[in-house]
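Right after this note come the structures.
Presented sequentially are two complexes of chain A, the first with chain B as partner and the second with chain C.
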Partner chain A sequence: MEIRVNATRMELLKLKNRVRMAQRGHKLLKDKRDELMKIFLGLVRENKEVRERVERLLGQAYRSFLVSRAVMSREALEEALMSSRDELKVSVALKQVMNVVVPQFKVEDADESSVYAYGLATTSAELDDALGAFAAVLPDLIRLAEVERSVEILADEIERTRRRVNALEYVLIPELEVAVKNIAMRLGEMERSNATRLMKIKDIVRGE
Partner chain B sequence: MDAIRREEIDYLAAVARIRVLETRLLRDQEIDRMLDMQVADDVWKMVRELWDLPEEPLQDFERVLGEHLTGLYSYVTSFLPSPDVVYWLGIRNDYHNLKVLLKEALLHETANEGAFSDLGTVSVSQLRSQLDAFEEVRPHEHEPEVLVSWQERLPASYQQAVGDAQERYQATGDPQIIDVVLDRYQLGDSRQQAEVLGPEIHEMAVALGEMANLKILLRSNKLGKSLQFLRLALVEGGKLPPYRWEELLGRAADEVASSLGSPYEELIRSAGADPGRVEREADNFILKMLKTSRYVAMGPWPVVAFLWAKENDVRNVRILLSGKINGASTEAIRERLRDTYV
Partner chain C sequence: MIPMSRIAFIGQRDAILGFKALGITVMPATDRQGALEALANAREQDYEIVFITEPVAREIQAELDELTQAPRPVVTILPDHRGSSGIGMARLKSRVEKAIGVDILFKEEGK
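Entry: the complex of A and B
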């Protein structure tokens, strides 16, 4: 959309300042986008690694649980898993990455042995292996949740920043530059017209 | 002695019927055939044909097997001269139901329907009402038995176990203590009640306690449990006194094996010190004890052996079906299967 302003020197100065400001903002946003992109790609790589590890470990844990499920009767298993010895506490903090707020989850004092909340005489040792495997995968699972949420938030922010950069680069800055150019041309024209008028007046005055 | 002999003669007809039922227990060849089958549906079909089970879909196999076992228990009870042996086998299920009910009450949780066993000697609803009235009943303990009807009270051993578990839970807040205390009472109670059922059953009850102690020790070592935990969990009344087991806490499996001697040494060595395999070997050890009942013509011992063997079969079928449904390899399934009785 064309910027409509009065063709005055004041407006020209204002517009030139806006162009400078927009170019500076554009550079800053571009840097921000590049930096966010770098962090985003790092997190995506980590996300891939952690997800693969979690899927592998969960697969092993489920296979192990399947064995204990087969060896123990349904009622024995239901009874054994009715309770846990401790509550798992996860603290949630917020961290700023390039002014973007991402979550940070931390398991507080996780005691792996707290998952074994059943008697050892009437349950199967296979259940220990299964629950041990589930307990072992938990920190990775929580890290995965943190990374995946951060990736989502960063992706949104990158998208927003990209739109701003594009708006500045392809819309606002060109329009401001056109407006500056138009005012400069109009002012130049006015100046030339003034000069012509003055010369004409001078000729008239000399002829008299 | 006379009394025992007379009781054993009473079981003559029952043992004859048990021998017929034994022909329907799974054999090694049948297990091998099931192992070779590619699809779980085929295994389920074969089990249904062998045991005359209703044509229910594969996903309901747990329920069908449970109902089959419950039906078999009531059928066997119907032709026994006395239900004592079935009650003896049901003690562990009563304690199991007590564990669930106690956890419900103390942890304020609601158990799934599937958490209760139908094979106990006391129904779950009766246990629940007795447990609810437990606090009210206890202050009258000093009153003569006739004042408080036996039907309204838990058996004395159950009462003691529940009281102890409640007390210890309230002191520690650890739900594991409920299982540990009730398991110990259950094995002790089984051993005590087996004394009147004959030497073989008593020997089996002692062996069950010993095998439980072996399992507890090996798993405690693996999970890094404390001496205090081991002391609380160990079952008394076995051939080895508890201090012998306590001495082996934190020791390597090899050392445990050589210190315990026969038959534990062979069990641990053949299982490669893995608690899961030791458990399987321990189950096989008990099954080997049961096989002596095949040369016994009368008495409750063959009845106990048959019912135990049937439960062993049901577990083998469960392992086979779960393994096949989830695509486990034949080898993985085979190494978890228990020996057969027949």
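Entry: the complex of A and C
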């Protein structure tokens, strides 16, 4: 789309200001994008690591839980689990990364021994193992939730920022520059035609 | 005041029952209907983190994708006792591709 304005000095000045402004915005957004990218890559790497670890540990925990389920009666197992502790609470803090808000979770009251809140007489040692394994992955699970959400949010933000950078770089700034050039040419042309007219008039005046 | 919140786990009952002992709310679900109900429940009750097992997550993929726009809950897909099918990694990969345009995450492993 071409920018159409009157070819006047006023408009030329205005356009030149807009070009400067757009270039400044472009540079800022580019810096933002690069910084977001840096944070994003770190998070992605962590995300991958945590997920691999979680998937491994969780697999082991599930296995020992299934074993414990096999050696205990269903009723005994359910009873043991029902009698367990209060709800686990997480606190949520919001962290700003380059103007993007990401959540941060923290487990309150992470007392591992409270996992075994059942009578020991009717339960098996395998259940203890399984619950211990679950408790051990829990911090990683919560970290995974946090990191994965952060990656999600940052991915959106990077995409948005990249669009804006590209729009400025490949659309707005070139258009503005073309418009500035056009006006400068029109003004030059007007000035030249004015000069020749004056010369002509001078000749006519002198001829009389 | 930091807001406090809770964790829910949606999945096949037998697999996730153990998490109950950790103080996580277990919401058993196996099919699409049950999963959607559980998810709606979790949202209603302001759970901050919702874990969901892979087979169940696959049932309600579209709904989960919509949820990524919402501020809460944070939904994380975890493998169940049958092991990981790589959904979680695939999601991570697609996010990287969306943000950067190319997949740089798994390239270095020669995939």
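Here is the rule we use: the second predicted complex is superposed on the first by the 207 of 208 C-alpha atoms of A that agree within 3 Å, B and C clash if a C-alpha of one lies under 4 Å from a C-alpha of the other, contacts with A are read in each partner's own complex, and residues count from 1 in each chain.
We adopt the following convention: a residue touches a chain if its C-beta (ideal position, glycine included) is under 8 Å from a C-beta of that chain, and two chains touch if they have at least 3 such contacts.
Keep in mind it's a predicted model, so treat the numbers as computed, not measured.
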After lining up the shared chain so the two structures overlap, which partner does A:R69 touch, if you call chain B first and chain C second: first, second, both or neither?
both
Partner, of chain C and chain B, that touches more residues belonging to chain A:
C
Would you sort A:E152 into first (chain B), second (chain C), both or neither based on which partner it touches?
second
For A:I204, select first, second, both or neither according to whether it touches chain B, chain C, the two together, or no partner.
neither
Find the residues of chain A that appear in the contact set with chain B and again in the contact set with chain C.
63, 66, 69, 78, 80, 82, 84-85, 116-118
Mind listing the chain B positions that touch chain A in their complex?
62, 66, 92, 96, 99-100, 103, 107, 109, 111-112, 114-117, 174-176, 179-180, 182-184, 186-187, 212, 215-216, 218-220, 222-224, 233, 235, 274-276, 278-279, 315, 318-319, 321-323, 326, 328, 332, 336
Chain C partner contacts - residues on chain A that touch it in the complex
37, 40-41, 44, 47-48, 51, 54-55, 58-59, 61-63, 65-66, 69, 77-78, 80-82, 84-93, 103, 105, 108, 115-118, 130-131, 134-135, 138, 141-142, 144-146, 148-149, 151-152, 154-156, 158-159
Which positions of chain C touch chain A when the two form their complex?
2-7, 14-15, 17-25, 48-49, 51, 68, 74, 76, 78-81, 83-84, 88-89, 92, 95-96, 98-100, 104-105
Please output the residues of chain A touching chain B within their complex, sorted ascending.
63, 66-67, 69-71, 73-76, 78-80, 82-85, 113, 116-122, 124-126, 128-129
